[in-house]
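Have a look at the structure that comes next, please.
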Amino acid sequence: MTVDIQPLRQGRSGTSWLTNPDVRGVVIQVLLVAALAAFGWWIVHNTVENLRAAKIASGFNFLNTRAGFDISQKPIEFTPDSSYGHAIVVGIVNTLIIAVSGIVMATILGFLVGIGRLSQNFLIRGLSTVYVEIFRNIPPLLVIIFWYNGVLSVLAAPRNLQPSPIGVYLTNRGLQTPAILFQPGAWATLAALVVGIVAVFVLARLNRRRQMATGERRPLLWPALGLVVGLPLLTFLATGLPATLELPAATRFNLVGGFQIKPEFLAMFLALSIYTGAFIAEIVRAGIMSVSRGQTEAAAALGLRRGQLLRLVIVPQAFRVIIPPLTSQYLNLTKNSSLGLAVGYAELVAIGSTVLNQSGQSVEVVAIWMCVYLGISLLTSIGMNAFNARMALKER
Amino acid sequence: AATLADVKARGTLRCGVNTGLPGFGSQNDKGEWQGLDVDYCKAVAAAVFGDATKVQYVPLSAVQRFPALQNGEVDLLARNTTWTLSRDTALGLDFAGVNYYDGQGFMVKKELNVTSALQLSGATVCVQSGTTTELNLADYFRANNMQFNPVVIEAQNDVNAAYDSGRCDVLTTDQSGLYASRLEMSKPDDNVVLPEIISKEPLAPAVRQGDSQWFDVVKWTHFALLNAEELGITQANVQEMTKSPNPEIQRMLGAGSTFGQDMGLSNDWVVKIVSAVGNYGEIFERNVGSATPLGIARGQNALWTKGGLQYAPPIR
Amino acid sequence: MSLETNVEAATAAAGAARAPRTISSEIAVELVNVNKWYGEFHVLRDVNLRVRRGERIVVCGPSGSGKSTMIRCVNRLEEHQKGQIVVDGIELTNDLKKIDEVRREVGMVFQHFNLFPHLTILENCTLAPIWVRKMPKKEAEEVAMHFLKRVRIPEQANKYPGQLSGGQQQRVAIARSLCMNPKVMLFDEPTSALDPEMIKEVLDVMVGLANEGMTMICVTHEMAFARQVADRVIFMDAGQIVEQNEPETFFRNPQHERTKLFLSQILH
Amino acid sequence: MEEQVAGYVADQPKLPQPPPARERGLAALARRNLFATPFDAALTIVASLLILFILWHVVDWALIRAVFVGEDRTACLPAEGQEAGACWAFVRARFAQFMYGQYPVDERWRIDLTVVLLAVLGLGLAIPRVPMKRLNAVLLFAVFPFVALVLLTGGRFEIGGTALVLFFAVAAGATLFVASGHIGFRWHDPLIRAASLLTLVALVTWIVSYAGNFDRVIVLNQRFDTASLVGFLASLLAIGLTVAASLRNPELRGGTASLLLPLVILLGLLAFLTADLGLEPVRTNFWGGLMLTLVVALTGIAASFPLGILLALGRRSKMPAVKLLCIIFIEFWRGVPLITVLFMAQFMLPLFLPSGVTIDQLLRALVGISLFSAAYMAEVIRGGLQAIPKGQYEGADSLGLRYWQKMRMIILPQALKLVIPGIVNTFIGLFKDTSLVSIIGLADFLGTVRRGFSDPTWLTEQTAASGLVFAALLYWVFCFSMSRYSIFMERRLDTGHKR
Amino acid sequence: MSLETNVEAATAAAGAARAPRTISSEIAVELVNVNKWYGEFHVLRDVNLRVRRGERIVVCGPSGSGKSTMIRCVNRLEEHQKGQIVVDGIELTNDLKKIDEVRREVGMVFQHFNLFPHLTILENCTLAPIWVRKMPKKEAEEVAMHFLKRVRIPEQANKYPGQLSGGQQQRVAIARSLCMNPKVMLFDEPTSALDPEMIKEVLDVMVGLANEGMTMICVTHEMAFARQVADRVIFMDAGQIVEQNEPETFFRNPQHERTKLFLSQILH
């Protein structure tokens, strides 16, 4: 070693806590938390004071009080004698109904249009583009109101209708279709249907296993159709047609009987699925485009058919890209279902606001809203994160 | 808590009114507020400031009205609000006397040939959300063992529009409101108001609970309007009436009494009120009476002396 | 950086290089007066080429001369507009069935590997045998392992493409094509996206393949490879075949002006 | 055919030929794009029928059978046995209301002026070629809001003592900040220390005065309470001390004038806000129509921007408590529907404040919308921050830049530029979401249009549809042009970052 | 590819290379028993190093041996967990003030330049002087132009980094550091991201700097540079300083097995 060692010269020492980032961090955090806590306390204090001054009872006891109002769409039992809490549960169920049906429809629409935007066919491409660009740039509330006020409510009233041969009516009271009323013997048909569906799953699995083992492939479509449609039909016939068809009939005020979909629901359903469908279409398009051309070419060069190529190569890759934004669209749709208030669709916020108004418990009702929506969001994102982690591509 | 002091300090009265109910609270083409409830705002402003224009109107939907009052966003809620026990207690309101006796009714299209509400089973009914109307409706149909499909909408204009477009067979609200709504239909004459009145709807101005001074001011403004009518004091003759020898009138108009001061107002508070808006009868006739498009008869809202229900405690 | 030494070593290792071989007189691929346009742009102009079974052809030429387009026409990744292309006795037309047949017999290796990133190496290799050749999975996996051993990466079978180096990925791509047991292999600049060390790995594998008698059409600028392996070198320019010859002659004594220019730029 | 065998040499170059006839022209285009396969052909036929059908109905409804002029509903009623078309007469009659709401007719020029100012400044900033971006930005973000505020409301604000303290405390802080940028500035100068302390005192008194109840005092024609008076004097003293410190220090003396800038700006601002400019005051409950929509959207975006930056920085902070709070805040607002937020602002915000303190309804909605979009903005900005390579942080660190200097001069300028498209998209979302304020009773554009439907003079079957189509068209034009702009920026930024 | 010739030329150009210089006995940087862990991984193990003012140190060693980590500890881009680091008499602790002081005195040049792409070259150079040294803008610009001339790119002052070549960017990065008038310069493989032609430009500048007596710690594998400029070469492996010596001795006669192996790989 060529360098001679000299005694270490002590550096200027003595630290000030002001310039120590650890201490500083702690101080800042403590101050922030304290400030927030003080702010929170101030708010709570004011709220309590205000509520006390206004002589409003707080707490969730009001949920047991008799509601007294009726709800137009009751998927579960509800009468004016039921409690506020019960009414809110009806609202949650209605929110879920519109959310789920909207999501299904928006997904179908979005995938069709998204694929349409990539079509070789100029017209299809153009049509899809126009759809996407129109509906992405219009507020969802306006779309809802357009369907409700602009379209559905100017349809004819049910009383002056000509009877329709197939029993389907679209009036300003909604969509009315015949309903199938099952009689006691119908359980056999239902059981046959269940058996048929299970059998198709089993068959698909068997086929797949067989293919892996021997390479031989068997058709699935026809046996499946036979099992799902044929089997119940046969049972139905064999048990002696244990069902009747209930046709809607015009009465003094409304069409009665059959299956009815209210215009409020229809407007929400159409608007939400059309609006969200436009976003999903863009996501799907981006997802498919994110799979490079090389992948298609390589698969084609290996001799894969177009269907196989899509199913085995493109779709699995596109899905990784599609799923996360798709989830947030689903969440958006669920949140947008709160706009049902504007057209009187009895979802959580609409019913909540009635409850709020009848009972005066604004803090509690708003808290319920927030908790329900936050809960939905949180559950979804937890699920999604898990799914994403599993799907993530392995890289070096 | 001292609302009167706050109002005086602020220089304006914040008054919650309907977003648009002809005859009770609505804006005319020039954006001026008018209506029976609006005149109550003016009356209170006149009592406090001697100036009926010192009012800031806050249009409120049915859903907004109680929180607005509770929050102190308005000092007075003069918005065709039904006085009920639960509102009086659980919502923390105080109702300052009934300024309009109303009752819930139904309106249907003439072409349906309905003559009684009892024929309405199975009908679709449009109703405003968050109102007592919504509750009475459910009760009435249940009591008579009838079915109905509610269509619950938040704003009264939208309720009316939904009925007019045929979304519902029946429109229900307070009868006064039905008459007002009928005016808003595309063909007013094609609609009939059914005779049944299914509820008591005493409409009353409301204030926050727990401020008795302010409560008194509003309550006695109402009573002053009634007493003025009873004693024949009108907007036109109120100045002359101050010279009236009638001791009752003298007391009321502030000569030799300190009632006004005791409430925190000036002693000539009644003079200011009546010269600003007239007496109750004048207010009624001007806004909803037979000479107006609404054409509502005094009926229950006549003074007790004329067979009606309007009765005011004496000022003495 | 010269790779000649590498390839020479590899060729030597794989057996006597350029030993006289019998090339069958059967014709594997034939292009007759093939013309292709991209819009108004004439990419392939009267291309005529006859590749016999077992022949190893190297195609070179300046960028944009239509090399890729030509070999992509051979398995119909591109459509030609005039002329005939016959592969293994099947003429390529619009008929989807014939296209499928041809693609089953022709393997292709791309510049950018184009492995399927969502499948493991093994799955990449068994996908086509299972779904196109209808092979049982077991068997497909055996075949795949065989070829993975052949390209010397059997131990990576359960990794994903993203976890391999470029050279390893390209070798997987070759193995994937081989699993279909193709009669002809097409290579489109298989080494041009690789780092120098990796080029060697891949060329080694290709040399080995050539020595086993695989029919190959290979677009590449690795002149060392061409010299060692090719039966014929084809030089393209502006959409036409300008010159073709045995590598010896081609490199030693190019005839056409364009070829001379090109070779002078590429060899140093 | 020429034999191309080994040893072949081309004799002459083949000239490019035009493609065969069927590969050229419209026919080929149609064949490739419309009739490539039988399935394609079927699709084409179906699609063109659909397009014709839709187009015909739209044109028929919107143009052929539409009514363009008329005084009332009778004009729009269909003739016997015919179907009605769009009732544009309704839109025409109410057009002014759709734009300005209930804003007094004589005062509407103020809105027009504001919009013109906004358009000039906004376009100047949005179009990359226009020079003087910095000045433009200062005008748009610092000056325009106040001008717009005074123009739209009429000014003559009454600023109480409590608010004054806040203003002056901020001015004192700004003075210190300006001073700290000068050479020779020392934090440990006793005068500066005292000034900092006084500024803090002023802030504390502001809070105290806000929360508590104190005796009123009138000073300089302003209503103070005792606490705020202390704060006011403290701020003034702080500014004075800073100036004194700078005068005492020979190195600093040159920049003393610039130290007075914050105070001057503040005084000017106060004068401007409180002065009687002869403008009729217009309460916010008269605001409405498109004007209200724009006010809500623009205020929302402007307020959410700085908040979003802070939240995004906080979410990337190394301090666990800060990070956690930011995450909770962001995820909370992103997890609930805007409409519940608006309800909360409507019903609960007043409950949160001390009794007697009330906030304008519009302001409440603005608070809700700003917090809501701040959460979304934060996520957009976080994306930009994440895209900045670590080397940039290290480069700045190695030069000795402090955290805030690093963020302000190195990281944020790059990150924000990267996320301009994201910001524009957030703005589009916000613009669309403003339509929800009609649910809580504000007469925004959509709300105003809807209110027109129940007007008996215009009640026809087509009124609602016509009004809504018109509203949709207007929203669409706004959103679509903004989304195009964001795509344009995306492209531009893309090329800008190439090397 | 050998760069020796380049550097030799540059060194010659910059004046008499390795002329006897006086290295002050004052200590610029001192590391005493420095230890650092990344989680469980022990990156620096008891590192001791004393750099005197004016000394030029080259650090080399295999990849992952902790070279970067060590010099990044010197200006506290990384925190060390045990031991002492004293720079210009200031001990690096958690104290932000001290860290600021140290960073003001220590310039650093990175492998990937880390210029600020949204600022012009001139603004890149004046940023820190203005905001950290509180220099008036005028003066800062003069200083910046001086150093830009020094690295021979004054004409690029108003361009943006994206418009310059890699070599030019690295020279700007050096100028940017010099503008702060640092007492010590740290270089972390400043040439390893550059194309061969550009390496020379940068090494030229560094050689010039070295000849002016700047204290430098330089991580590099440019052995030619080390030979020409360094006062001491330090060899690191697995987080320790394995060997240090004058370049002559170090290259001619490495002592440690690890060093021998490393040198045999790197010199060819």
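Chains: A, B, C, D and E, in written order; residue numbering restarts at 1 for each.
Heads up, the rule we're going with is that a residue touches a chain if its C-beta (ideal position, glycine included) is under 8 Å from a C-beta of that chain, and two chains touch if they have at least 3 such contacts.
Just so it is clear, the model here is predicted, and its values are computed rather than measured.
The set of chains in contact with chain A as well as chain C comprises D. Rounded to a multiple of 5, the Cα-based rotation taking chain C onto chain E is 160 degrees. Centroid distances built from C-alpha atoms place E farthest away from chain A. Taking the mean of C-alpha positions as each chain's centre, the chain lying farthest from the centre of chain D is C. The most central chain, judged by C-alpha centres against the centre of all protein C-alpha atoms, is D.
Remark: chain B and chain E have CA centroids separated by 85 Å (rounded to whole angstrom).
The mean-CA centres of chain C and chain E are about 48 angstrom from one another, to the nearest whole unit. Between chain C and chain D the centroid-to-centroid distance comes to 57 Å (mean Cα coordinates, whole Å).
Note on chain placement: the centre of chain A and the centre of chain D lie 29 Å apart, centres being C-alpha means. In chain C, no position touches at least two other chains. Of all residues in chain B, those that touch two or more other chains are 1, 67, 70-71, 154, 161, 165.
Taken residue by residue, chain D touches two or more other chains at 347, 350-351, 355, 439, 450, 453, 461, 464, whereas all remaining positions touch fewer.
Pairwise, the chains that touch each other are A-B, A-C, A-D, A-E, B-D, C-D, D-E. By the touch rule above, chain B contacts chain D in their complex via residues 1, 6, 19, 27, 31, 56-61, 64, 67, 70-73, 154, 157-158, 160-161, 164-165, 183-186, 188. Remark: chain C residues 75, 77, 100, 103-104, 106-108, 110, 112, 114-118, 127-128, 130-139, 159-160, 162-164, 173, 176-177, 180 touch chain A in the complex. If you check the complex, the residues on chain B that touch chain A are 1, 62-63, 66-67, 70-71, 87, 89-92, 112, 119-120, 122-124, 129-130, 134-135, 137-139, 142, 148-154, 161-162, 165-167, 169, 208-210. Listed in rising order, the residues of chain A touching chain B in the complex are 50, 53-57, 68-72, 79-80, 149, 153-154, 157, 172-173, 251-254, 256, 263-264, 341-344, 346, 350, 353-354, 356-360, 362. Partner chain D is touched in their complex by these residues of chain A: 25, 28-29, 32-33, 36, 42-43, 46-47, 49-51, 53, 119-124, 127, 133-134, 136-143, 145-146, 149-151, 153-154, 335-336, 338-339, 341-342, 349, 353, 356, 362-363, 366, 369-370, 373-374, 377-378.
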